[in-house]
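Okay, got some structures for you below.
Across the two complexes that follow, chain A remains constant while its partner is chain B and subsequently chain C.
Then we have the complex of A and B:
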């Protein structure tokens, strides 16, 4: 198979478009984080994020977050087409700043939980989940 | 797309005053993410539950914002303080404007 000049240009364009995609996804995730924290610094620790190490089925991955003293916890999956997963807001009668749910992951990626503490500071925890079958219909 | 949406909630029937209990909720819902395509290659429009709240005698326990990355049949487990006997009200808000509610009573003892 011979490559004409036109073929080469098309391929180069395709590669450029593909490599631009993950950058855009990451930028979207940063946007979500900035909207949640208002640009404040995020410390490590203070949040416990429990995920399975390997998820056979990306359609239902059990996730547990626990952050004593938090007013809200946001969960992000930065490798998904949309990075947002859910945000837990705790009311005055919450027994513990704890939440557990099941999420979709499109591929192997880091899952991040960011907690907003009662004093206005932020803390985060991340955990990698290996996904065998993606859960976003692609 | 709000068909056969049935909430299921598990709350202990009684607790000691001030005790912290675990509540488990599940609602059957397709949670169409808006990413999938049908056999003709067209995107299936998003249809999810976008908010879930739990209140006890009018006071908020938890308020969750849901995105399309939440699995089909959204499941939530969380903890709540029981200051007195009363009623838990669970509310799910659908993209199409539907609101699903369920209530559970709890006694002290």
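Then we have the complex of A and C:
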């Protein structure tokens, strides 16, 4: 499934990445980002972050990130008390630069993935995940 | 999205697709009071493929009255776009004559008077007649059910959906997708699906433990009709575990998952599909957005938001069909598919006027057999509506049925404030009519109907309203859940629909004292349909029945307690 997904993503030319929103002022997570990038500029594009638009359960939200050519991908939940989630590291023999995990979100917030590429450049994608009370269906 | 005139021009200009809608014809005939079954069904068979779409029947096997909404506001890019156009504006847009049958079927004004003229709508025995007539012209037409089928009535509740399964099986659908069906519980749904003589589809139904596609529902099914390879992809309601109780089907996860939708479209195209149809329970605005993001879908048969549109909406080269609810309409879509692509369409939203379309005897017998064991309970008269009181539900903020339900909750449960879920199902009751037990169940029946009574702070009540308002008025359709605002009894508020979450709701006022709600103070709140496991209380239909029995005659007054800004 991973291979199909990756192939499709490549064919689709980053359609899913269009959901990336302009990053807002990152008071939260600034420290983690600075430590990861060393203050380098971060480009948009090249990272596919897949999250649900609305979390079915804020305690366990599935997150997938895919950044072909990355050596490292850091995932941040900017609205959490502790924004750092995880960092995936990929060795030179890695068949895919893809990671999938579940994270806990305390409230509606932006989830961000920042990839460090082999050439030392950085790219990112963000998406908003809504955590809601719910309860009314059509 | 685009106006009707733009749509027609766009479809001409695009030249890849040309289309026609049969709406005008029956609209004019209806205006002349010369409605016949032949005219309702008249359709010049076109192309080589026919699709028949029914959706959101909510277990309404018999004809009903159903008033369409007065208030159905769009936000973001959907301000003033269908389906967020109602009443006179809607009639003007589609050229519907005032007082015509189509006015009655598609808009809310003068509902009581027109209901007297044109009668009830729907009835699955009448729907069967329409389907049979289409199949007589096109024997291999595909019948596709958009879901919300096995939910919404006394008999459906007591048979755990079996009555609707048996009646729908008699109509011989080819595929179906899902929403409220899952509130029967995961086990029950799997039991029914195991024996279904047609495809149960949902590309977005995942195993919640592994976050992988479940093996219980196929993403798509191939059909070969009229020499055309057709792929039908299912899309279940994306927000089931949020809008409905997750604990009833914990093994499943949903979501929009448009990246997988794109994978599935690419996969079926790669397998030779010449026509790609998405049978969707996304809701109309979500379908429009998905049509713009996922490439290669020819037709989206849209359900969930209960919109009845007399013409398709075109997004790129995708046509979106909305076929109403509660059995009021059947859509027929004829397609010309040549050289591996859709070249044109002809469409008709067929209104099921129950006094005009003859019931199919075979299906009528199946319906009667399902109802027979419950007939005495169904038909018991509990009360009456006053001569000036129409009971209806649809509308973004309130409906007289919900006002009555909230009154029942406050009175029977001795509460300050009542909350009733903003669902869009539930038929209307005309003034001066008997209210039977069946009528009460038609607007309340569900597998989690317990009426709770809890204490909430003013602050929490505000949070609830903000949360639900964002599910309705978030400018990004992918963050909307497709219901209406939670209905409130005993309290008024102001809403500015264009504000962000946290800033839409203000001036919360306790009606019995006229005082503003104190965020720190505690209020007794009664409600029903909680998504929380272990909710305790009497069933809502018993609460409402007791209340109506005491009233005898039900009088409703216009609800003016919600002030709307930004519309």
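To be clear about the criterion, the second predicted complex is superposed on the first by the 104 of 138 C-alpha atoms of A that agree within 3 Å, B and C clash if a C-alpha of one lies under 4 Å from a C-alpha of the other, contacts with A are read in each partner's own complex, and residues count from 1 in each chain.
Assume a contact is a pair of C-beta atoms (placed from the backbone, for glycine too) under 8 Å apart; a residue touches a chain by one contact, two chains touch by 3 or more.
Because the structure is predicted, anything quoted here is derived from the model rather than measured.
> Which holds for A:34: it touches chain B only (first), chain C only (second), both, or neither?
It touches nothing on chain B or chain C.
> Considering only the touch criterion stated at the top, classify A:92 as touching first (chain B), second (chain C), both, or neither.
The first partner, chain B, only.
> In the overlaid three-chain picture, which partner chain does A:56 touch, first (chain B) or second (chain C), both, or neither?
second
> State whether A:108 touches chain B only (first), chain C only (second), both chains, or neither.
Touch status of A:108: second partner only.
> Which partner does A:132 reach: the first (chain B), the second (chain C), both, or neither?
second
> Check whether A:82 is in contact with chain B, with chain C, with both or with neither, and answer first, second, both or neither.
First partner only, chain B.
> For chain A, what residues appear in both contact lists, the one with chain B and the one with chain C?
Common to the two interfaces on chain A: residues 100, 135-138.
> What residues of chain C sit close enough to touch chain A in their complex?
179-180, 208, 211-212, 237, 239-244, 246, 253-256, 258-259, 262-263, 266, 283, 293, 295, 304-306, 421-425, 463-464, 467-468, 470-471, 474, 476, 478-479, 481-484, 486, 501, 529-531
> Where on chain A does chain B make contact in their complex?
59-61, 77, 80-82, 84-96, 98-105, 135-138
> Report the residues of chain A in contact with chain C in the complex, numbered from low to high.
The contact residues of chain A facing chain C are 1, 4-5, 8-9, 11-12, 15-16, 18, 50, 52-54, 56-57, 62, 100, 108, 128, 130, 132-138.
> Contact residues on chain B for chain A in the complex?
20-22, 33, 35-37, 55-56, 59-72, 74-81, 83
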